[in-house]
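Read through the structures below before going on.
Here come two complexes built around chain A, the first alongside chain B, the second alongside chain C.
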Partner chain A sequence: MSLFYNILLIVLWNLIVPILIGYLITKFMKSDDKNNIAINFLIGFIVMLGIFQPITLIAIYLKVSLTFLTMLVKLVWGTLSIVSIVINHKRIFVTMSHVTIVLKKFNIYLFGALLLIMLQGYSYIAYEHIDDDDAFFVATATTAVANDNLYVKSPYSGVTYKNLPDRYILSPFSIYYAVMSKLTLVHATVYAHLFLPLVLLLFVYMVYYLWGKEWFQKSESLGVYLVLISIINIFGNYSEFTTQSFLLFRLWQGKAFLAAGILPFLLYLCYKTRKEMEYLFFIALFFGTLAASHVSSMGIFLAPLLIGCWALVDLIMTKKLTRLFCYMLCCLPSILCGLLYVIIS
Partner chain B sequence: MFQIGWQFVQDAYQIYTSNGIIQLLLIGSFIIILINDKKEENIHLVYYCITALVIILFPPIAFVFGKYFIGESVYWRVFWLMPSGILIALVLTKLLERINRRYQKQLFMTAIVFVLVLGGKNIFNSNNYSKSTNYYKLPQEVIEICEMVAPNGSNTKMVVPETIVSYIRQYNPNINLLYGRNLGKDKQKGKKYKILLQLNSSEPDTKYIAKYTKKKDCKYVVFDNSSIGIEEIEQYGYKLYGVTDSYTVFKLVE
Partner chain C sequence: MQELISNLQNSIEIYRHTGKIMLLLTTLLGFFLIKTNQRVRVIALYVLFGSIILLNPFFLKYEIDIFGENHLYRLGMILLVPILSSYALTNVLLKVTERKKRLIALIGSLILIALSGRFVYTKEYFFQANNEDKVYDLAVDIANCVTATNQSPTIAITEVQGVFIRQYNANIKLVCAPKVRENWDEAEDESVMNMRIMLSDSEPDMPNLTQLAKQNGCDYLILLNQQVKEDNPQNYGFRYVNTFEDFQVFENVQE
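And then the complex of A and B:
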């Protein structure tokens, strides 16, 4: 298959399908932002990962093949996308026609921000940062594809596992690489190291964009803000453990995506629930904690900690117990994963 | 408990923040929002940050989190809860918005960029990145060795030095390895560990290596070119099969 065909498949499964799923969720929103393509992409992507998490955990438990899992999630994601097209086609068309309005607001600062973001994307295309953790994360995906099974063989040596890696099994982001590799017909390592970071970088900057939209009405200010955050990221290597370093070194790894993308998005969703009292954001938050637990075992703990801190302040400021209850419900996936971890370890 | 927790906090802070100025700018941002901002949700955001900081920096809590939930050596990851970059950029832009005169605005913007650049450290430097030579983003020599021993993704079993052990199965998962990454870290005993020590030593015991690798059906043994006396393995059933810039590959012929 040609590279062009692979890129079309990557665009389909990593951009178009998440956007369509996002439209399905935002269909029922009252918020003015429901037609914003960025929020639809982000919610859709999070929901895709959130749906993928329980399906994958059950698939690992039942020892089904990777091919079966791929068919199943293809069916689920595909059905949601088609349903979305059927019920949202007018709204999608209207949103697309708004692109020209957005382009008219383009200014020198937004252009500068775009250049800086493209520079960061270019670093992922033309350069490499080799990380030994991929001996597990990426090789788990290649091993799954080669053997058509899930966590049966050790990615380190290829021998059959005696004991499953309980630390990682509840956050099987590597299986996501494997499924995407099968859906896009790209080698799992090429997908993880080349294409996935570009998709996730887009995710991260869309989160920043949404934060900027909340604070600034003028597109010039939005541009300045995006320029500044790009500079903060590019010059954020004062330690190799900062969010910025993780963002630009190894975004394909779940923990990096958690730090740079998912946690800031969860915080954004919390911020929106506070600002607009829109309960549908709680649903996105629920899928967000599922996604956090999917990408990294650290997400099982950090996502509820983030929501817990926000909820505590919320309770003190608003004194609304129903909101606290909603926040607690959003943490359920993490609590369940934590309990499962205790049981299997 | 308090002392250990305090140690976790100190180590985490030192590892994460190092000598950057982001933390100072973050505290400045809190103050500016609390003084100037009237929007409840923005104040909520600052209170969230303060609450999270109090929780993660309080030694007894740090002890419990570090020991039972996150991990002592990676406690610094709790700082990921701080939306530092987002908040700093938002506040700086808000300050810029307040300046009406164009030249003052440009001057302030230049000053901000100057502080961020000088106070931080550029990620894009040669210590962090190298020009990629393939779409896999793996060392080119690994691909050469994999294609040499198992062309087009075929099967085989081999043993390689630790320097490339992490990458072989990322390229070709049909190649089984005698030992994988972290063997020496997880388990420092047993025959595999002895092979690891020998294969990665400057003067490997080729007789010992050949005896064990043959027993384990390793079709190929890869040595670092800098190791001395590796050609002696030819006396024990292996023949020179190929050479790359840094590695020499021997194939089992018996």
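And then the complex of A and C:
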């Protein structure tokens, strides 16, 4: 019963709440994809992380307790979800009824892709990959839970920090584990090593699915594409540093999630802003750069680099300076975090 | 110029991504060969721009300054090579119109990818999980042992096991954190530093080590079997509790 209750809470905070928040953002979009459950989940998840970033940074600065931070984000995420239910209930119902249509399009290739994705999920459940970096990232979460504070005690020893770890303080993804641990009543290490990778794996493959959907009209072609990318990932261990190795070894770590999930999704959002000339995608992109800076310090640099490369291409092709300005605005969180890093280091 | 090219070579060697670079070049070639509409071709242009910026020896010098040589490989992450390679390959497969032939072509492609790549799920990187926390069993055993009577004990331990103990139970305080690394930024006095040196010694000066352990408020001293061959903490006010693999647990009974 207890495990069942934990799983219910995990599904609530990691799937249902992101989807509801996603619906809130896409409500005002004109895009044909606005009722796609995958895009709602992805945008919602990014917005959740994006909202969490400034709240957490302020909480660390003000030295508030983890319990207070958890209550605060619970209130914010919860309110957004309830507002979304109130204004989107009809749309949510219509989307759910579309699930049967999607199932009718299932074919052997999609089935193969699903099997391969489940295999990757199973490996996260049944096997373990020991990574020394967890001594900092995961132990920061367990230390925060044990002491009910944020970055006060060192995760290595449990003694009080003399100086804060400036490189990591601006990307407090470990605190996200801690907050989720409190919300789902699961031990932070169990959440980070078992449940979070499954949620993030779903995120990553939904990004792949959306890319595939953009490129291929037929579900058979989409299936072929997903099978190929799954196999490229499973046989992508050229070194421990490839995106594929990051994805399948240690997805719970921010840098891995950044490489495998957030950066591809940021490029997808860039692509959508150009394809559909939908300015609301810029809002998602803004939260995306916030999320990128939240999960990894490299995200502070890589997200604007990615958007910058895209913005150059966009400028050449559209010759619209207003769009360039919008891209620059989206990079503002990263620029601010970069400046903060320079100041505190 | 030679230095810049050398930097580029080094970065590729660090990344060890020859296979990935080949995939990237194949993808780019694929993109320009396939008849795509302008909307899709914009991705190819993005990859081209990104590659020019990231892999250009002239920019690389500055990129190394910003990111550091060891983290430079992460720049390649923005090129999204797996996604784009799969896209290019799928397009090639879609040229085969007959369904059976397409399935055979797909299986052939999968075999080629598998043979040219390297399998992720090997014993080198993955172990059967024995506990839901997915940390070393040894860490779990030691943590359970030292918290049997005291919920938040202070322990001194050798080697890297301490890393995992605090992931399992953060109520346990470590006098000497395992292997000092880049994130080490906490108060550490001289006696703790001395203790760290002694804990890494294969034959520690036991009277001094146990004295320092008491001074630093250690409830438990955990040493490797080989470290207690010559002398033993039991001779200095510690009680033997248990042995887990190569580690012996001693409790401080002189509070």
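Following the convention adopted for this analysis, the second predicted complex is superposed on the first by the 344 of 345 C-alpha atoms of A that agree within 3 Å, B and C clash if a C-alpha of one lies under 4 Å from a C-alpha of the other, contacts with A are read in each partner's own complex, and residues count from 1 in each chain.
Just so it is clear, a contact is a pair of C-beta atoms (placed from the backbone, for glycine too) under 8 Å apart; a residue touches a chain by one contact, two chains touch by 3 or more.
Computed from a prediction, not measured in an experiment: that's the story for all the values here.
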**Request:** Overlay done on chain A, so just call it for chain B and chain C: clash or fit.
**Result:** clash
**Prompt:** Is A:Pro18 touching the first partner chain B, the second partner chain C, both, or neither of them?
**Reply:** neither
**Prompt:** Touching A:Pro304 in the superposition: chain B (first), chain C (second), both, neither?
**Reply:** neither
**Message:** On the A-aligned overlay, A:Tyr168 touches which partner chain: chain B = first, chain C = second, or both, or neither?
**Reply:** second
**Asked** Does chain B (first) or chain C (second) touch A:Pro333, or do both, or does neither?
**Response** neither
**Request:** Could you look at A:Glu128 and tell me whether it touches chain B, chain C, both or neither (first, second, both, neither)?
**Result:** both
**Request:** Please indicate which partner A:Phe241 is in contact with in the superposed arrangement: first for chain B, second for chain C, both, or neither.
**Result:** both
**Message:** Touch test for A:Gly50: chain B only (first), chain C only (second), both, or neither?
**Reply:** neither
**Prompt:** Touching A:Gly261, do we find chain B (first), chain C (second), both, or neither?
**Reply:** neither
**Asked** Which residues of chain A are in contact with chain B in one complex and with chain C in the other?
**Response** 123, 126-130, 132, 134-136, 138-139, 142-143, 145-147, 154-159, 187, 189-190, 193-194, 208, 211-212, 215-216, 221, 224-225, 228-229, 231-239, 241-245, 248-249, 255, 258-259, 263-264, 267, 271, 274-275, 298, 301-302, 305-306, 309-310, 312-314, 316-317
**Request:** Could you pull out which chain A residues touch chain C in their complex?
**Result:** 109, 123, 126-130, 132, 134-136, 138-139, 142-143, 145-147, 154-165, 167-168, 187, 189-190, 193-194, 208, 211-212, 215-216, 221, 224-225, 227-229, 231-239, 241-245, 248-249, 255, 258-259, 263-264, 267, 271, 274-275, 298, 301-302, 305-306, 309-310, 312-314, 316-317
**Residues of chain A that touch chain B when the two form their complex** = 123, 126-130, 132, 134-136, 138-139, 142-143, 145-147, 154-159, 187, 189-190, 193-194, 208, 211-212, 215-216, 218, 221, 224-226, 228-229, 231-239, 241-245, 248-249, 255, 258-259, 263-264, 267, 270-271, 274-275, 298, 301-302, 305-306, 309-310, 312-314, 316-317
**Message:** So in the complex, the part of chain B that touches chain A is made up of which residues?
**Reply:** 15-20, 22, 40-42, 44-45, 47-48, 51-52, 55, 65, 69-70, 74, 76-78, 80-81, 83-86, 88-90, 92-94, 96-97, 109, 112-113, 116-117, 119-125, 128-132, 135-139, 153, 157, 165-167, 169-183
**Request:** Give every residue of chain C touching chain A within the complex, in rising order.
**Result:** 15-20, 23, 38-40, 42-43, 45-46, 49-50, 53, 66-67, 71, 73-75, 77-78, 80-83, 85-87, 89-90, 93-94, 102, 106, 109-110, 113-114, 116-122, 125-129, 132-136, 160, 162-164, 166-178, 182-188
